[in-house]
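In the two complexes below, chain A is the common chain; its partner is chain B in one and chain C in the other.
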Partner chain A sequence: MSSWPADTKYISHSTARIDAPAKLTGSARYASDIQEKGWLYGMILRSKWPSAKITAVNLDKARAIPGIKAAVVARDGEFNIRYYGEEIAAVAGTSKQACLDALRAIEVTADVRHEFVVNETEGLKADSPRVWENAPNAPAPHVRENGNVDTAFADCTAVSEGFYTTPVQIHNPMETHGNTVSWTDEGVTAWASTQGITSVRDGLAGALQLDHSKVRVITEYMGGGFGAKFGPGVEGVLAAKLSKSAGAPVRLMLTRFDQALAVGNRPSSFQKIKIGASADGMLQAFEAENYGTAGIGGGADAGGGGGGADIPMPYIYKVPNTRVKQSAVAINAGSARAFRAPGHPPASYGMESAMDDLAAKLGMDPLELRLKNDPNEIRQREYKVGAEKFGWKQKYQKPGSSPGVVKTGIGCAGGAWGGSRGDRNTQGDAQINPDGSVELRLGVQDIGTGTRTVIAVIAAEMLGLKPEQITVRVGDTNFPYGPGSGGSTTCPSVSPTVFDICTKALAQLQTQTGVADARGENWFAACKKLGVTPLTVHGQWQQGLSTDHACGVQFAEVEVDTETGLVTLKKMLGVHDCGLIINQVTLESQINGGIIMGMGYALYEERVMDDLSGVVLNPNFETYKMPGMADVPEIEIVLINMPERGVIGIGEPSLVPTAGAIANAVFNAIGVRVGSLPITPAKVLAALGKVPPAVHA
Partner chain B sequence: MNDSEPENLGAHSRRTFFKSLGTVAATAATSQVRSVAAELEKVNAESLIGPGAVPVTLKVNGEKLKLMLEPRVTLLDALRNYSSLTGAKEGCDRATCGACTVLLGDTPVYSCSKLAIEAQGQDITTVEGLAKKGNLTKVQQAFLQKDALMCGYCTPGFLMSVTALLRKNPHPNADDVKHACAGNICRCGTQPRILQAALAAAGVHTASKTEVVNYV
Partner chain C sequence: MKAFQYATAHSTTSARELVAGNGLYLAGGNDLLGLLKEYLVSADLLVNIKSLPGLNKIEHGKTFWTIGSLVTVAQIEDDEAIKKVFPGLHEASTEIASQQIRNVATVGGNLAQHSRCWYYRHRDTQCLKKNGDLCYALNGENRYHSLFTGNSCISPVVSSLATTFAALDATAIVLREGKETRMSMAELYHRAWENPLAHNSLENGDLILRVEIPTARTRSAYMQVSDKHAFDWALVSCAAAAEVEDGRLKSPRVALGSISPVPHQMEAANSFLEGKVLDEALAAQAADMILKDAKPLEHNAYKVPMAHALIRRALLKLKGDA
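Up next, the complex of A and B:
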């Protein structure tokens, strides 16, 4: 079986992101930067009603606006609108201004329905207005049961019951979703802001009824996705139709407003948890009832219900007696999509909150309770290493015992991510030129994680060259197949593939040139012997170089002002198992990013909907708050180096434990549980009994 | 949608609104109000431009850019969609994310919320104008070294904010950097690295706190 080299110059060291100069000088071309010859600006008209039947869409006046070259309806004939922001029509014109005028000129005739539901607790009720006509909003819950929960609780020394809720979180990548699409007689070319060039290619081909070979997708640079950018989206298909109709390329990027309504979010969760342990702190019984909404949900048309709102429970712990009941509630809101570690952040938050509440009942240090019950050896090690670095023993005080008005607290939480060893179908080519230059081509995309750099680092290591001598080309469906960037699997997909390409290249070079070892100083002489014909080698993913199941634990330190309710995050420590570290600097950036996004989830972020009008009230950055530089605390990282495990992805694991750790630190500071994310000042003050809790209409 | 937007704004065009406001204001007796009235009179004296396209000359990165733009076209729109300068990014189009930040003189501004016609006569610098002859500036180099970028979409805006800060204050502390970057949002989570990069560009080096621990 293959194995990674032991003494390395680049692998497990730090190489600056190879595409940094392009991104730092503005020369990197994102989907939203594409200016194909004769390109048109595209925009979408969205529903202002949460529920309606569209009976007619008249585009005549829009088409008459000067500069407008095409206008199309989102769907033919009469159609139903099920959420505020659903697509109705789209226009393309020579300027944004023309498009804005044209959107206003579109005449929509609709039967507006005043019965709708945008609140998941309301949606659960049997008499709530149906999102889908033929099915209840909440189908029968999924129930999983092991052992005998009721008997086990009766035997427990300590039992804790709590209600923990998490909001709908919006992805908010800095570049919105969108594409520039050119549809000519030869086929379709789409410059997509996507995490999956292949899935966009297949999606467009399917929607437009074209052969896959007639659709090419290019993503040289894209401005973040976090799980929300895999398919072409309605916007991609509309851009293609506009392009065909206008006979010109169309750039259709969503507005920030559009992005908040229609192209994905993380489902909410409402977790009623009961947990019990024997006097020694061993977990004996666990019961959870959870519901959440994925909006109108995926595939909801047939079965009703949202789908996708289930969370893994009792998360990372093994409890002998469990009963878990989960329902997904459909509401009139945009559908959920995968969001960085789907299901895990709410599960970690709920379970880890329950663990700390139980520890308080037991009078036990919550870290101690984890060490007793966490079955995973890597996390055990991570907790121990982390606790020492963090100074847990010195800092830990019983919940609520911090003196003064501004109280300090610490907390910890754990996470897991299955991921995969990579897509075994990942392929790539290297072209080695007689002048010694090397070009690698893989049909993956770099979504900001540093995939290009990872490819260069591994190729440089294997060929005995420098990373800057490797030209990396990704983000084009004309290159050999690569997977979408999801599930933290890109690194374990591409790394073994590049290993294989380079191994084969060296063997082939030896055969063709007679140079026994073409690496390093022999490289140029060997390549010169190729004469005039470049060497092209094809490689693919190989077993034994990557692994799955990453673990991580995080520690948080907070200050809570008990007069204003404000939580200030002072410090985060992330301890993560990364298997074989490929490029440390970009790996650290991923962990920073996970922690900061988790911090937003814990303290700031929440999609707010208005029950009466059904609209999203905060589809922008001034009312949907995300962490800014001044909010971000000191972040320390410990990487548990396990090269023997091979390559593991880190994008998702780094986000999972953050909210739980912060929530527990707040509990530790003030001695009462704020059982609802985001932990806003109002909720802190309500938990302290200083203001009445918010009442939901 | 067709039913909510009035097609005819009647007498309340922007200029007549200003005029009527000016009349009311001038009758008030305080000097402050008189100065407001004087200001409004000046506005009213300007000749009407638009709503059709008008010639606009922008000085961007030292070069003149002659465009025909409707007066409602923003500076960001002019750069990204009427010229090939796509370095400044559109993240929100409403002055909340900072991806569109450019310099007017030495001042960082949200180009999405500045009309192109208002930016005439000023030295506009976009991210494309930072590196001269391919040589990265100190700030760009520091961003590269500290990995202060991930997807890179917010990066041009942060670069401009940090560049403006260092021009004004060559020796900022961490709080100065946080203040200068308060108008910029990053979703990938590069904030700590941008802070380090800004300080590094000012000659203050911060040590990495990452520790690599072997499992066994």
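Up next, the complex of A and C:
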């Protein structure tokens, strides 16, 4: 079986992103940068009603707006609208303003329904208005049971009960979703902001009834994707139809407003947890009821009803007696999609909160409770390393015992991520030119994590060159098949593939040229012997170089102002294992990003729906709040390097424990639980019992 | 947004003439462009007033200072003299929006800005403030809304400068029908207290020229709490100002923002504080008075203890090192 080199110059060291100059100078081209003269803008008309039957869409007046070159309906005939923001039609024109004017000129005839539900707790009720005609909003809960919970609780020394809720989180990558699409007689070319160029190609080909070979998808650079950017989306298909109709390429990038409505989101969770331990702190019993909403959810596939809101419970712990009931509630809101470690951040937040609440009942240090109960050896090691680094022993005080008005607190939490060893179908080519230049071509995309650099680092290591000598080409379906960037599998897919390509290329170069070792200083002489013909070598993913199941723990330190409720995050420490580190600096960058995103989940982010009108009330960054630089604390990262495990992705695991750690630090500071994310000043003051009752007029 | 004509005014007279009909003044444009883009307001003509002479100056006088309406928030923030003479005004300026916005946002625009209520700003809710039938916030998502109101709209004033100017007892000088009209901050916003459609008392064509701030109060402070640590609206803001003589408060004033359609002030509390020695207990008593008639709703009752804390802290800050 293959194995990674032990003594390395680049692998496990830090190489600055090879595309940093292109990004910093603006020469890197994103999907929305692809715009030649005469190409058109596209925009989508969305429903202003949360529930309606659309009976007619008249595009005539829109087409008459100066500059408008095409207008299409999202669906033919009569159709149902089930949430605010669902697509109705789209237009393409020579300017954004022309498109905006055209959207206002579209005449929509609709039977507006005034019965709808946008709140999952309401949606759960049997008499709530149905989102799908033929199914209740909440199908019967899924129940899993092990052992005998009821007798086990009776034998517990300490039992804690809590209610922990997490909001719907909206996908807000820096670059919104969208594509620039050109559809001519030769076929379709799409410049997509996507995590999976192949998924966009196949999706477009299917929707437009074209051969896969007639669709080319290009993603040179993209500004972030966290699970919702697979496939062309409704917007991609509409852009293609507009392009065909207008006879010109159409750039249809969603607006920030669109982004809040219809690109998927993380489901909410409402976790009622009861947990019990024996006097020695060993977990004995766990009972949970959880519901959440995935919006209109998996309803369409499942023939109605909610779907896709379950979370792993009791998460990373093994409890001998468990009963878990979960249900997903359909509501009239945009559906869920995968969102960085689906299910895990809410699961970690709920379970880790319950653990600290139980530790308080036991009078036990919550870190000790974890060390007693966490079955995973790697996390055990991470907790110990982290506690030492963080100064847990020195800093830990009993919950609520911090003196003064502004109280300090610390907390920790753990996470897991299964991931996979990579997409075993990943392929790529190397072309070695007689002048010694090297080009690697893989049909993967770099979603901002540094995939290009990872490829260059491995190739440089294997060929005895420098990373900057490697030209990396990715993000084009004309290249050999590459995986979608989801599940933290890009690095474990790509790294073994590049290993294989380079191993084979080197062997062939050496055989062909008779140079015994063509690496390093012999490289150019060997390549010269190729004469005039470049050497092109194909390689693919190989077993034994990557693995799965990453573990991480994080520690948080907060200050809480008990008079204003403001939480200030002072410090985060992330301790993560990621097997063999390929490139440390981009790895750490991903962990920084995960922690910052987790911080947003803990303290700021929340989709707010209005019960009366059914609209999303905060479709912008003014009121959908995200961490800014003033909020971000000192972040320290400790990497547990385990090269023997092979390559593991880190994108998702880095986010998972953050919210739980922060929530526990707040609990430790003020001595009462804020059982609801985001932990806003309002909720802190409420938990402290300082908020007066409402006065009803 | 709808198409509009654009003109630059070089005198207040021509500005007024140009804006008559369906025109709007354009200075920093932070609020106006958002309103236009969301079709919340429309105009046939935007009158650029940035070139009006004399309105971008901070002038130091003996009994009062004058701040022109075209002075930017960043100018206030960076003015060393203001830090010393009106520290509360400096503090308020640093909390407004982001550096980029402060660089172009003007004093006049900050005072004249519209409600940030998310129902008012939403393109698909026809709320009371937009001539609709009801205030959605009243029984809806009212976490950012008012504890006090004189009408059935509960969207609060969010101008941090207005809060601070109120505590400093500043006067806005407004050009109305060719004449200079003097308005206290209470007067500048009074109409919003009574009329759900109003954001302030300005009428079409009114132009804020400058603000006069008396120098009588040498101590001032401003504080706010937001969900985030920067670039976020205040959940509650509070400004306090006074002179302190022999440890006793003279002409004290307290004002709060984001809890009422007007800068929330209670003259009785100001009088109560007059001549007294500041301590924790006194500040708490004043806070009780100021918030006594608050009508918290389902989601904004947290503003009561938050405002209480800010009133106490802002007042105690007036003690300074003395």
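The criterion applied here is as follows: the second predicted complex is superposed on the first by the 684 of 697 C-alpha atoms of A that agree within 3 Å, B and C clash if a C-alpha of one lies under 4 Å from a C-alpha of the other, contacts with A are read in each partner's own complex, and residues count from 1 in each chain.
The definition used in the following text is that a contact is a pair of C-beta atoms (placed from the backbone, for glycine too) under 8 Å apart; a residue touches a chain by one contact, two chains touch by 3 or more.
Bear in mind that the values here come from a model prediction, so they are computed numbers and not experimental data.
Per the definitions stated earlier, placing chain B and chain C onto a shared chain A by superposition produces a clash between them. Of the two partner chains, chain B and chain C are each touched by A:Lys48. In the superposition on chain A, contact of A:Asp610 is made with chain C only, not with chain B.
In the superposition on chain A, contact of A:Asn592 is made with chain B only, not with chain C. Once chain A of one complex is fitted onto chain A of the other, the partner contacts of A:Asn80 are absent, as it touches neither chain B nor chain C.
Judged by the touch definition given at the top, the superposed model places A:Leu24 against chain B, while chain C stays out of reach. In the superposition on chain A, A:Glu622 contacts both chain B and chain C. By the document's definition of touching, of the two partners only chain B reaches A:Asn172; chain C does not.
When chain A is checked against chain B and against chain C, the one touching more of its residues turns out to be B. Once the two complexes are overlaid on the shared chain, A:Ser32 sits against chain B while remaining clear of chain C.
Contacts of A:Ser437 after superposition: neither chain B nor chain C is touched. Taken together, the two complexes place residues 48, 97, 622, 627-630 of chain A in contact with chain B and also with chain C. The part of chain B that touches chain A in the complex is made up of residues 1-2, 5, 70, 72-73, 77, 80-81, 84-94, 96-97, 99, 126-128, 130-131, 136, 140, 143-145, 147, 149-156, 159, 177-179, 181-182, 184-195, 208-215.
Every residue of chain C that touches chain A in the complex is listed here, in rising order: 1, 116, 118-119, 122-125, 136, 138-141, 143-144, 225, 227-233, 235, 294-302, 304-306, 308-310, 313. Taken together, the chain A residues at the contact with chain C in this complex read 48, 84, 97, 100, 563-566, 568, 603-604, 608, 610-613, 615, 617-618, 622-623, 625, 627-631, 680-682, 685-686, 690-695, 697. Every residue of chain A that touches chain B in the complex is listed here, in rising order: 16-17, 19-30, 32-33, 35, 41, 45, 48, 95-97, 104-108, 172-176, 221-224, 226, 253, 255-256, 378, 381, 385, 389, 447-450, 577, 581, 584-586, 588-590, 592-597, 620-622, 626-630, 632, 634-642.
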